[in-house]
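Input: structures, listed below.
Heads up, the next two complexes both have chain A, just with different partners, chain B and then chain C.
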Partner chain A sequence: MIVEGTHFFPGPREVVWTLLLDPDVLAKTMPGTASIVRVSDDRYEGTMAMGIGPITAAVFDVVITMTDRAEPEHYTMQIEGRGKFGFTRGKAAVTLAPDGAGTSMGYQADLVVGGKIAAVGQRLLDSVSKLMLRQGLDAMTRELEHRLAGGAA
Partner chain B sequence: MKPPVFEYHRPGSLNDALALLGGHPGVKPLAGGQSLIPAMNFRLAAPDALVDLNALPELSGIEETADGGLRIGAMTRHCAVELSTAVAARAPLLAEAMPFIAHRQIRNRGTIGGSLAHADPAAELPAVMVALEARLVLASMRGGRVVPAAEFFTGLFATALTKGELITAIEIPPAPLRTGTAFLELARRHGDYALVGVTAVVRLGAEARVAGSRIVLFSVGEGPVRATHAEQSLAGTAGDATALRAAAEAVQRDIDPSSDIHASSDYRRHLASVLTRRALTTAMARAADSVR
Partner chain C sequence: MTFGSYMGRRVLRLEDARLLTGRAPFVDDVDLPGMLHVAFLRSDDAHGLLRSIDASAARHRPGVLAVYTASDLGDYWRPGPLLVPPPPVPGLVFHAATQVPLVRDKVRHCGEPLAMVVAESRYVAEDALEDIVVDVEPLPAVADLEAALLPDAPLVHDQFGTNLAAQVHQRKGDYASAKAAAALVVSRRFHYDRGAAAAIENRGVVASWDARAGELTVWDTTQAPIPIRNGLASMLGLGESHVRVIAPFIGGGFGPKIMMFYPEEVLVPWAAMRLGRPLKWIEDRRENFYATTQERGQIHDAELAMSQDGRILGVRDSFLHDTGAYDPYGLTVPINSQCTLLGPYVVPHYDSEFRAVFTNRPIVTPVRGAGRQHGVFVMERLLDIAARELGIDRVEIRRRNYIQPDAFPYDHEILFQDFRPLVYDSGNYPAALEKAALMIGYEDFVREEQPRLRREGRHVGIGLVSYIEGTGIGPYEGARVTVEPSGMVRVATGVGTQGQGHFTTFAQLVAEQLGVDVASVQVTTGDTRDFNWGTGTFASRGAVVAGSACHAAALKVRAKVLALAAPLLGAQEGDLELRGGRVAVRGSPERGLGLGELARKANPLRGAVTPGTEPGLEATCYFGPDRGNAASGVHAMRVEVDPETAEVKITRYVVVHDCGTVINPMVVEAQVQGGVAHGIGNAFYEQLIFDDNGQLMNASFMDYLLPTALDVPTVELAHIETPSPLNPLGVKGVGEAGAIPTGAAFAQAVEDALAGTGVEITEIPLSPSRLHQLMVRARGGAR
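And now, the complex of A and B:
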């Protein structure tokens, strides 16, 4: 499954970079994230619960490893998720470019989803990932606006 | 496969049902159980308690209302709607859609309210209800309210229902004169989830021109998708082949279908235009027939 697109953040690239890599911000903004911890510079571990429609019980342990990180321009994430209902693995590349007063983010993820969740919910994976990503990016944008307006983290 | 342990309630009155639904945090209403029970058996859903609505006869039945419309109880089975002469006469679009819902065994058990509350993006009934401008009658311990179908479906498996709230009935207004409707869907096998589906309602005005239309697609987005660009393109035209082709083309600006193993996004886009043109052709012919 390929998920790609662009998103505009109304703030400077350095601030967006910091937000995107801040585990506390990720935990707050990414839908279903129960916890996420930065265990080393390039490694995050967390737990995510997917809840959509009839599916309310899909919990995944997720490990994200950062590769070719070039602040503040781009990074690549290796993603591995494992749960009772299936697994996901793949990578996602993120680029950040200045765009007027804001930042344009480009993302391309190539993910494989398997196990029961894929067998039962295959036809919904694309829609669900798009929806969760949109909710996450919208929440991240609100967080950015909040910080730029002088609010605390 | 067996579901995880859950509490089971079978209330004998709507009030008791609403009290139970409002009381537990992890409670789900059980209607026909054609989506919820498989999800529980796969252990993808694990409600703490179920409130079975099957002992509430007041939630079932099809009533012809004095204004020429219909009122259908939420617990009415799909098969009852499918076989109803009142539905065939007063809401032919709904009657035409019913055989496309899953398989007969499922239609014998599944309910109209259950399907609407589930809000599957590939489901037929949400699109039909939006096309027919139906109203959903909701009840909870806090009272009742009526929500237009167009406002009820809010996203992927998401509806306007709040915690503890139930659909009790669906009200379908009478069809205006000189109206024609059509329903089309394509699936690889009968009973599969639709690759794309289209519902069309066309109303003719003076000089047989299109006075208004409602074109609602499903399985091309997060829920029923109203094709407003296509509707605008059709308005005021004679509904001839050129106008219908233009409307079918305009549908492309209304949808953002997903890809899955059954069909790519591009293929769904192609199907959406083809099915829209065919559905509009049929709806136009039926509207013209109703004038004679």
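And now, the complex of A and C:
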């Protein structure tokens, strides 16, 4: 499954960078994230749940490893999710570029999805993933606006 | 009822009352005191190295009695048997790799079992699956037939150094000379993709060990109860007579249930013995999409050499066959494809080579048709294209190439799946063609109706194809016929039954010879306690092989009746007749005896059984045909295609079928109708879609489409009877007939409906969206 696109953040690149890598922000903004902990500089561990068609609560233990990080321009993540409903694994690359007063984010993820979730959720997988990502990015944008307006994290 | 009154009669199915009122037992109906339930943990990965598996948490879950992984099986862990060794074709390459009970080191397809949980309920067992921690190091999957054979491809089985499972080349004549002499050479690539058998009842195994008696009883949805019994006895170190396998009523077999030994079949009885409690495992539908065998992925590069006047000079075919992760069934499926391609035609020169390929997909074994579909599809499509290019009518080109009715036995000079020469025993192909063309109104449709409807802007088409189905192969089956003192006649045979109507057709064969009411004949199938020699239900052979055994046993009992009754009635045997459940002097019905009374006299409590005779009115006989016979037929259909949505409506479906002597026309018609439904599913609805990682993406009936009653027309059917000389009844098989040529007929009809648009169909299954793509592409649009 390929998930790719761009997203505009109305704020400076360095702030966006910090938000994207902040486990608390990720936990708050990314739909279905029950917990996410930064266990080392380059490694996050967490639990995510998603509902796809007949599977109402597919819980995944997720490990994210940063493989290639160049602040504040780009990073690459190795993603490994496993749960009783199957697995997902793959790579995602994120680039950040200044865009006027804001930041343009480009993302491209190439994910393999397997097990029950692939077998019975295939029809909806693409649209659900995209929907969840859009919700997450929108929430993150609101968080960014909140911070820029002087609110606490 | 009188002697001679049952063959060819539309006797209502004797088993239907039980089936329709819910009184017929199925495996899942077995409920034993203290019974435990089994669930299997299956791999999410299609290909990977099993690094570790930790079941300790699962073992501690309340309600769990045992969890087994490969390492817990000890010596019991061993790959399954190679069911069918390769045939003696010179130069043949064959790499045998059979399925394992639980993965020990390497996962080779999604759904391959990793662990087995035994618990107080299925609910607890399934929960415990989630407690098992599995570490699989993923490997790139072998998911493409052509890429699998490239030098750098990942390997399904490392020990072979290749994904090539087999390579077989069969030749007749000299194709190169045929091609050199040809006025037209048609060359195309054809695809046929994989589907599920989708029986209404999934698989299931119940096992019960009686330690005091030292007896194991297994209820199994198998099509082959006797080989299962023999295999289990050998694996478990028990005497064959101490294992009883019961294959009760089964909701559809279609081939995958002849596969042996499924991991569950091996493990459930073993664990029942270890735990001393009865165990039950019932496959759920999602498991069935992975754990039950499948069929039909092949890619053919085929070439047909024709003369200017539309005569076949030769055929060359080279194809790849997807055998899945293991090849326990040997080469049956691709050899069927190779042989069935020749069909009812005179093909002077034939050159056919196939390569079977291991892939990281579920195992391939025969599914209704067993490779025959592909051969028919390739040959019929090549003929359709040749007809178009030569300007010859589609019916006419077939007519010109048929093996003629006086040419039998006809030798195609290659080997068939039973290792015997591919020799057709009998047939009348031109008669079937003319009858089918007449029934569907081919001439009128092509000359008048189609042009008129086309002028109205409607896209209507007609398809008409021929096929041969090699049926009724050996090795043998047996039957025992017993007249009981009550007058009831019991018949026991070893084949299992999955809805074919065995309880009726076998009863008809016996009632025919014994002159009894067919309803007084009780048939038992699929219980090794009642009959324990035989092979199983496959290859459209029940009526041919088991039927002939029933017939032989009935004749022997008839002879015993006559021999015993003649002196008692003071008459010559030749003056006696059997009718109405009695044996009596012809013309003097009062000088007679009931068969039940005679059965009592045949089992005296005083006196003696004289030398050379046996007590009772009972006989056991076996039948093994010299080789398979050739059933045949013509399928014709009319379709209408919606040019906007690419939806296809089948408006009429005609089958003219020849299965030799017909025992019960209604049973034959039902088999054909069911087969056509299966074939329509294959043609336009059913497709298992795997991604590049070997993940099955439509493992549920939400996404895997089966045709419904609304999609399947009622088949208009006529019979041609050319009795087979290879068995005393003259019968041929019919179980797979309906499903075999459907894709070819569908492709021709749809292409005809779209004539002039440039759409050429070289693949099955189609779907509305795929057909739409082809239409857009033909218009020069984007793919």
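The rule we apply is simple: the second predicted complex is superposed on the first by the 150 of 153 C-alpha atoms of A that agree within 3 Å, B and C clash if a C-alpha of one lies under 4 Å from a C-alpha of the other, contacts with A are read in each partner's own complex, and residues count from 1 in each chain.
Everything below uses one rule, namely that a contact is a pair of C-beta atoms (placed from the backbone, for glycine too) under 8 Å apart; a residue touches a chain by one contact, two chains touch by 3 or more.
Not measured: the values here are computed from a predicted model.
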When the two structures are overlaid on chain A, which partner does A:G53 contact: first (chain B), second (chain C), both, or neither? both
Scan A:V15 for contacts with chain B and chain C and give back first, second, both or neither. neither
Have a look and say if chain B or chain C is in touch with more residues of chain A. B
By the touch definition at the top of the document, which applies to A:G86: first (chain B), second (chain C), both, or neither? second
First, second, both or neither for A:L131, with chain B first and chain C second: first
Contacts of A:G115 with chain B and chain C, given as first, second, both or neither: second
Can you list the residues of chain A that touch chain B in one structure and chain C in the other? 53-54, 116, 120, 122-123
Any idea which chain C residues touch chain A in the complex? 44-46, 110, 129-130, 138, 286, 289, 691, 693, 695-700, 702-703
In their complex, what parts of chain B are in touch with chain A? 35-36, 39, 42-47, 118-122, 155-158, 193, 221-222, 258-262
Over in the complex, which chain A residues touch chain C? Could you list them? 53-54, 84, 86-87, 89, 112-116, 118-120, 122-123
Would you tell me which residues of chain A are touching chain B in their complex? 52-58, 85, 116-117, 120-128, 130-131
